[in-house]
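In order of appearance the chains are A, B, C, D, E, F, G and H, and numbering begins at 1 in each one.
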Amino acid sequence: MGEKMLMKGNEAIGEAAIKAGCRFFFGYPITPQNELPEYMSRRLPEVGGVFLQAESEVAAINMVYGASCAGGRVMTSSSSPGISLKQEGISYLAGSELPAVIVNIVRGGPGLGGIQPAQSDYFQATRGGGHGDYRTLVYAPSTIQEMVDLVMMAFDKADAYRNPVLVLGDGILGQMMEPVEFPDEPPPEPLAKPWATTGAEGRPPNIISSIILDPELLDKHNWHLMEKYEQIRKKETRWEIYDPYEAEIFLVAYGTMARVARAAIEAAHSRGIDCGLVRPITLWPFPERAFDELADRARAYLSVEMSTGQMVDDVKIAAAGRAPVYFYGRAGGVVPSPAEIVKKIELIFEEIKGGSKRA
Amino acid sequence: MGEKMLMKGNEAIGEAAIKAGCRFFFGYPITPQNELPEYMSRRLPEVGGVFLQAESEVAAINMVYGASCAGGRVMTSSSSPGISLKQEGISYLAGSELPAVIVNIVRGGPGLGGIQPAQSDYFQATRGGGHGDYRTLVYAPSTIQEMVDLVMMAFDKADAYRNPVLVLGDGILGQMMEPVEFPDEPPPEPLAKPWATTGAEGRPPNIISSIILDPELLDKHNWHLMEKYEQIRKKETRWEIYDPYEAEIFLVAYGTMARVARAAIEAAHSRGIDCGLVRPITLWPFPERAFDELADRARAYLSVEMSTGQMVDDVKIAAAGRAPVYFYGRAGGVVPSPAEIVKKIELIFEEIKGGSKRA
Amino acid sequence: MTYQVIMAGFGGQGVMLMGTLLAYAGMLEGKFVSWIPSYGPEMRGGTANCMVVVSDVEVASPVVTEPNCVIVMNRPSLDKFERVLLPDGLLIINSSLISKEAERSDIRVLRVPCNDEAMAVGSAKVANMVALGAYLAATGAVSFESVEKSLKKALPERRHDLIPMNMEALRRGASYVNR
Amino acid sequence: MTYQVIMAGFGGQGVMLMGTLLAYAGMLEGKFVSWIPSYGPEMRGGTANCMVVVSDVEVASPVVTEPNCVIVMNRPSLDKFERVLLPDGLLIINSSLISKEAERSDIRVLRVPCNDEAMAVGSAKVANMVALGAYLAATGAVSFESVEKSLKKALPERRHDLIPMNMEALRRGASYVNR
Amino acid sequence: MRKIFERPKSLAEAAQHYCPGCTHGIVHRLVAEAVDELGLAGRTIGVSPVGCSVFAYNYFNLDFVQAAHGRAPAVATGLKRVLPDRVVFTYQGDGDLASIGAAEIVHAAARGEKITVVFVNNAIYGMTGGQMAPTTLVGQKTTTSPYGRQQEVAGYPIRVAEMLSTMEGAAYIARVAVISPQSVARARKAMLKAFTAQLEGKGFSLVEVLSTCPTNWGMTPVEALKWVETAMMPVFPLGVFRDWEVGEA
Amino acid sequence: MRKIFERPKSLAEAAQHYCPGCTHGIVHRLVAEAVDELGLAGRTIGVSPVGCSVFAYNYFNLDFVQAAHGRAPAVATGLKRVLPDRVVFTYQGDGDLASIGAAEIVHAAARGEKITVVFVNNAIYGMTGGQMAPTTLVGQKTTTSPYGRQQEVAGYPIRVAEMLSTMEGAAYIARVAVISPQSVARARKAMLKAFTAQLEGKGFSLVEVLSTCPTNWGMTPVEALKWVETAMMPVFPLGVFRDWEVGEA
Amino acid sequence: MDKRVVFDEERCKGCELCVTFCPKNIIYLADRLNRQGYRPATVTEQEKCISCAICARMCPDCAIEVYKH
Amino acid sequence: MDKRVVFDEERCKGCELCVTFCPKNIIYLADRLNRQGYRPATVTEQEKCISCAICARMCPDCAIEVYKH
């Protein structure tokens, strides 16, 4: 590891990408992620890469498509409305099995909404806001250091699985500064990409396409993709359980919210209620196994989100009726405070003391 | 009711819209829904309306936005990739609380995919493929007549709730002909829209916008929207239970797939296994209550989809661990046959005979 | 009774219209009906087919995976659809264009020289009606009168003079049943 | 110990830099730190603030909702942030620009004429350092030496001649503590 | 004593949030003056973009719609098709109109959509903090062209007025500036004429206004006006590019 | 005995799916001939659109990428930026390029993106069954302009070559037809020149080819060629609109 | 004497556009701050004003009214 | 005699573009159908062919090869 630096999240993402060998960035300005393209516009020319401000998010994601076809390590970033515009392109990347890293520094919606931090693009990120049956790995870091580590990993996973990988942050993670270290080692030799369209000299032509008009063949292609996603589910699901007090109530939170949740857990502890935290690090695949592990113990789950309630669906699926699932959230850029969360925890505590196991 | 006509689904949607008082259509060609804009281009000028082929799906949804601001009854339609491009616009419509009807005649994906019928945009339709916390009513007709009825209703609900409403069909529903009747009565007097931007003569200016930079206010706006969605959930959830044999195994299917499921149910019956069907008519709100009704009886659910598995998530949430949830699906334009489904039913029958209640 | 039929041929042989007329006639007789076309990108041309269901009960699945009749107007359609026919099902072969015989022995086969009969009544275009006539005679799915009424609905007024020729083609097709 | 501070003022008063220096210094001392700015559309100008946490333990929430210190460099910031300060917390008021007194009585208040002291050392631009000096003297969150090191990192080489002036401002601010 | 200059009626009292010396404010006034002079206040609907002028709806006493980034021409089209006897205008920045919204503006012009477009070209993205715009000059430094816009990498500025003048649907297209009393007076005439084109049903009309962004250009407001003249005008010459009354200009 | 005409090496053996007499096939051959003549086969990457030519990748012996509808120029940009020493071209229809992809083509030209665009203008949407295109002529009947394109409602055809010629980044822009041996010969030269512009790093190049759609026009292939000449060419005049060797043409 | 040119000081952002273009050179920024924190433009020598309204037409914030006697 | 102009009949779609442009007017559509169902273009009077390759250059399906002696 190199020297510790105090770095803004958006810039740390940029540096992490460069450290991971990313040399191509196509993006379009939008708050609160502007420092990322700005950083890339300074740094990429220094390392022989290309920064290009696209005419729109739609163009940017399609430039990413082209650069990925050419075998480049490539990235784009945006915030909520811009990510909506990329949905067709993301579906194409998944359909054509192309690697790419896409960063969403989420802000409040819907519509133009606001520019303060939010987590209201969870559904879009995990369920494929685009059309068709596809999935993308979704990393949800909760510190700048973790963001760096996951962004670097994202490039490798994208290449390994030939699939787009999303990194979901929020305005706070993008704008915040925290100490961060980058590995000293040079990036690993990138995977060979014999499928890339680099000119057919000395080999039969390579073709990259997602159109398959024959339903039987398209069905087959879809199941091939699902098998790949199943592999990802098996091997790449990540989560963290924070359980200092052997709790019966578990908060479920990711990203910035998970940090506030930890503060709330301490506050609740000081008021005599012990809680733990399930922190999904991959939002897709969702760590259902964490809930299986806790099944014997957890008497209630509380999904805490900077949204009006999205991840709570996955918590319900994962809990599978084995414990009631509660929700607390604020939207539009308001970050729930530890105090608010503790209040909700107290209510739940009262309820489950009553003994009912279903919400 | 008027005379029975044999009509193509796409054209029936167009006529239903006109009967419901829709006078504005903005769209962009894409298979398998082209007959709908084509029908509108012929018919709307006849009734004093406007058909406009937009330069893209993005432009089309934003024209819809403008027409809705002006108080017009307005519609657009597309198929999967085109609907992905509309996601930002749909989020804006929801954010600004504007009525509009959006038809998706789903085809196989992801990417360019194919043009045969599919149901792989379920997630996108029900979870908001766009950014932010919003929902849209989603109707899923399974006959052309029901399509007509729901399309007409969609306009009323869109106005009543000031929210976009989706109609989710598939290539078969769009291309198929079935007998259909239209009501004779003229459309009801449309709701007054005092909020519309029609020129501020004699009143203070109206403003339609979705930007709210103050997080507290945006949070409030989001919860206001959620309350509206809660109302919709309470009042507009629709489903049908088909249960001729007092079954213990229930198929869950919508649209075209629900019809095939009924054929499968008959076939299974003739092989000695009795099944029923839960057919969601609104996909959002999902009819969780149907599952509560069946909770005492159902020993297994089988979600059957023309996809690799999307609605199955909602079935799991609705079943809430009270019965195991199975899935069978084909993708890319292949419609699962009754025979395939019966095979799956037989497997489930074997399994639950074993007695385990969780999948 | 539920009639499930697949009709297939070259684009231009009128298989879509043939299916539509059957469905329309069924509707006029108060039956439950559905019709699904195959569809594809404009420039691909080639073969076309449709699936029709005519039934006394509500049509469960409009997708015909186990037809009790298949009508093939050209060779590629025979190759593609012979195998999906139910055992004991009816295969109508346009023998004007298809010299090959059916391969299966567990089905009923009716060879009708549709194009030849059509030319005989005055236009190759009514080959589809010859086939339909044979189908109706063999199954009684709908009556000739209903088809005639459907033709009146389906054809624009100025083409109604063609109806007699179409009906004649229908009758010629029918004449191939039980000879 | 966990220091949670909100610093607020007009854009241009250097509150962002002040917070950054504190965080940087904390990092150099091996502490856990975080810094969050307020951000908004470019053209809105007006007030700016940041939240800094310096702690011996991992920073749970970087969002400071219950600060134990608030530094306000202008009047609107006082109005906005006085009320969020924890009881017994420290409120540092730039008395050069804010004549109003604090309203609460359950807090500690330190009035420092930051702009005046800054002018005295040579530039209105170091008013932020005066405030930071007062904060450090009052809390001991980080050492002056660490701030000096941070300045070396934060300022470009060609501006290092400004460091002595900044340090002098820091000391002047410190002199307002416990007088 | 006679008041010879006051705020136009259609311009709201509300203080504007623009930076000191930003000429967005002048352009707002010119729009309001045109609406007032033609007596259109009660039947005009404005469409604001995403950009510094996103809140334009607060500054006019008119019905207003806020559109998605770049889509104001499409939104205006929807409005106008439902309300053909109303007057509809969009107010858009260079990022909004010429970058993400390039397709929408080209097609509104091609369709001869009877709307008026006020296009504020300040060669930069103001709202998001000074990134490169499609109208950024070669060599100009922005936060995403930190080494100056290099034509080899990022190409050349788009001349919107010239580009749209190739469209038969365009009735009136002009480029003006607001950097001096004289240029403001000419801009005022252009604005009037653009709305007149719409009123008379002649087709699409657009006024491109060379405007300043002192904040992101890093200049004083007065320096910024000079820069419009010395740096922008050579690349974006002023003039009338299409005028239905005189044929293609 | 000497073979004096044979299939160019870069054109694949595969039978093409185009309708009888559709001139997409001629344009394909011209592209392959240019690639062969310049010796670029091993280092050329094609980008096919969504449209009848979506399967172009099957018809060339070249690396190929299939792009989302309208986005071929953006995809080509991505390819070219990673592989600056390779030759990249897009092949696009009028719906793809001039309608949904209008922003992408305008910006590729403005950036002076070093790619070659083959733009097949057949005044209609072929693949989806004959809907109106942005290049559909006024009065022309299509499935979405059943009463003929009415300029009052649907505006005027976009002249892409003229529009893009306002861009400084465009090195070569020409409009050709493939309706006679003579016009095919000229089209061949234009194609060569367009690829040469890219090879020499001069900037963006585009050849607009007036092409037929007998199927959706409802004409025989031979009638369709005539219609190009009598109906399309008056609206879309042939010529060279920009040429880096002679300045703006 | 009645004023010819009246500044809405709270609206003024001190941009100096009026200062720059006044043909009589009589506008200057006052030595005080308004509530927004800007030094507002002002005129002392009202009698020198020719009521040309150039200042008002150049003011982005519509902070100037002009009168004629 | 060796042929000057050779048609790949299975590739031909009978569009008649070659027929239209042959300066010698020697191409016609044969009276049979190929496997695709089209009447293929053909030349009987090979000796009249001047090997101008105009037919080949107009053929959208690259179905023609031309030889010169």
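Before moving on, here are some points about what is shown:
Operating definition for what follows: contacts are C-beta pairs under 8 Å (C-beta built on N, C-alpha and C of every residue); 3 or more make two chains touch, one makes a residue touch a chain.
Predicted model only: the values in this text are computed from it and were never measured.
Note on connectivity: the fewest steps through touching chains from chain C to chain G is 3. Note on connectivity: the fewest steps through touching chains from chain B to chain E is 1. Of the two chain pairs considered here, A-E and C-F, the higher C-beta contact count falls to A-E. Centroid to centroid, with C-alpha atoms defining each point, chain D and chain E lie 42 Å apart. Per-chain Cα centroids separate chain F from chain H by 26 Å.
Here the CA centre of chain B is 54 Å from the CA centre of chain H. In chain E, the residues that reach two or more other chains under the touch definition are 18-19, 22, 54, 66, 68, 99-100, 102-103, 106-107, 128-129, 134, 154. Contact with two or more other chains is made by residues 40-41 of chain C. Listing the residues of chain A that touch chain B in their complex gives 58, 80-81, 83-85, 87-88, 91-96, 106, 108-116, 118, 120-121, 123-124, 127-134, 209-223, 225-226, 307-310, 313, 316-317, 319-322, 330-334, 358. Residues 28-31, 34, 37-38, 41-42, 45, 50-53, 55-57, 81, 111-112 of chain A touch chain E in their complex. Residues of chain E touching chain A in their complex: 50, 54, 66, 68-70, 95, 99-100, 102, 125, 128-129, 131-132, 134, 143-147, 153-154. For chain C in complex with chain F, the touching residues are 41-45. Chain E makes touch with chain D in their complex at residues 17-19, 22, 52, 54, 126-130, 215-216.
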